[in-house]
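Both complexes below contain subunit A, partnered by subunit B and then by subunit C.
Take a look at the complex of A and B:
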């Protein structure tokens, strides 16, 4: 239990909370957190998929029936974006911790985020093709 | 030119609740924010409290949150801020408020002391001085510029949520002595830092770098500390032959 005084003190600090300014570094950090959370959610789905496929032909059919819906193809695009950002920003963080990147963190962010967008666009094409083939017209 | 200032007010002795009060005053674009709050205190409301001493960016006592960012009131001009709208002034976030813009910085200085921020060298001093080459001096050039204003630690989201964290200012201070060629207590300090409260707690959010009035790359210093802890471990391993 925290004491009443301490509780009050902490509230006070929050009351003086003018929102702190955003900039590249804090934005990159928050996005890293969000994509990290999304990826752990994805893991749950992934485990369900692998487990159900392992249950034989019916299981396989059941999984395919679900993941080939337009909604899931849309999710897949999201997944690709999420993985790309989390992985590439992870590289940025490594470069920061080893020293060089710490003086170039903003540039690094824009270069790697740009790279993520390019790869995402390249990846979206086959996914959309698949969608078009499944639901022509 | 008239500008509106929205200032955080809190006086625990009157049992009042924290609130924002607005003041309208005529200012010039080249006035410092310190001049503005002086004007308010001297002409409109003598109860407004804040700290300042040198008024020239040396003592670090007038750090406060001005328009969403920690800045020294004496080093921020009205024209440095956005041209329109109110100018909001809050006490340093994450520090307990004593009154209005004055915060309790005891916890801040305790963290600083935890890293032994003093020079340690047990060899007999030479006749004149302990010499240092320009390169060796360069190594600690940035951290020696710190004025302990608290802007960085107060801007750090990790510190907001985990008060056990030493915070950027204390880590920078540790860096200043660990990389001083004349100091001998580096390993001892690295031991202190090699903990969950030390540099590994840093999430490289860069709020400290954005805010530092002395333009010190604090996150860079923290990154160097992380590497140095690693190197010191390796040194110890190779010495003990394991």
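Take a look at the complex of A and C:
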């Protein structure tokens, strides 16, 4: 028979091992942080770029031409995906905080992930449209 | 564990404001996307943005959007710093740096929107 001390030690080890298992919830949480940091970074760059509106039509249109090249449009799809993930998982977090979402958090994740894919597809249409204009025919 | 003042970093007020701004940003962001990328066809150009930004209502909208976005973004950043940086001096320095950057970009943004008039 093992001693009580040894028993609790083993149980504690099991519990701490459990805490580091990856679940849908912990995965969603880490991704929420990463996308959040990326979006903050984007916000700062966005303000810096868009401030050139004060330089008048020539300056602004030159900047806009650079940030709407195919490479940037490609990144823009990534941006849309990042925003969508953060926004919809944010909705999930708000629902969890109201209490209702706690029991449904896992299901909510998949429902909202599905919604994200749908909105991403809709959102990609105008971006592809712009791409099409740069490669006529 | 020491009690945290509701208004201090890590307090309940900032936690609540993070959720409040999240809800606000959902509506503002949807409006922003709709008018900038759906309602308007083709590339973003000076003419398209200028017509919209000349309206005082859009100026108010954009300044509100900017305020919520900066607060939400940097408050989120602050949470990450509070959770991963535990050395007190370094933590305080990072928070000061963080909110200074936030304030600078907030002012650049507000200035760009507020003083805007159409040039041709």
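Of note:
Everything below uses one rule, namely that the second predicted complex is superposed on the first by the 117 of 137 C-alpha atoms of A that agree within 3 Å, B and C clash if a C-alpha of one lies under 4 Å from a C-alpha of the other, contacts with A are read in each partner's own complex, and residues count from 1 in each chain.
Simple rule for what comes next: a residue touches a chain if its C-beta (ideal position, glycine included) is under 8 Å from a C-beta of that chain, and two chains touch if they have at least 3 such contacts.
Quick caveat: nothing in here was measured; it's all calculated off a predicted structure.
Applying the stated contact rule after C-alpha superposition, one finds that A:97 touches each of subunit B and subunit C. Legend: residue contacts after superposition of the two complexes on their common chain; A:68 is shown touching subunit C, with no touch to subunit B.
Using the contact criterion defined above for the overlaid structures, shared-chain residue A:37 touches subunit C, although it does not reach subunit B.
Touched residues of subunit A were counted for both subunit B and subunit C, and C has more of them. Contacts of A:23 after superposition: subunit B is touched, whereas subunit C is not reached.
When the shared chain is aligned, subunit C comes close enough to touch A:130, but subunit B does not. When the shared chain is aligned, subunit C comes close enough to touch A:54, but subunit B does not. Residue overlap on subunit A between its contacts with subunit B in one complex and with subunit C in the other: 93, 97. Put simply, subunit B touches subunit A in their complex at residues 8, 10, 18, 65, 67-69, 88, 90-91, 93-97, 155, 157, 203-207, 209-210, 217, 219-220, 223-224, 226-227. By the touch rule above, subunit A contacts subunit C in their complex via residues 33, 36-37, 39-40, 43-44, 47-48, 50-51, 53-54, 56-57, 60-61, 64-65, 68, 83, 87, 90-91, 93-94, 97, 123, 126, 129-130, 133. Note for the complex: subunit C touches subunit A at residues 19, 22-23, 25-26, 29, 33, 37-38, 42-47, 49-50, 53, 66, 69-70, 73-74, 76-77, 80, 101, 105, 108-109, 111-112, 115-116, 119-120. Residues 9, 12-13, 15-21, 23-26, 29, 93, 96-99, 102-103, 105 of subunit A are the ones that touch subunit B when the two sit in their complex.
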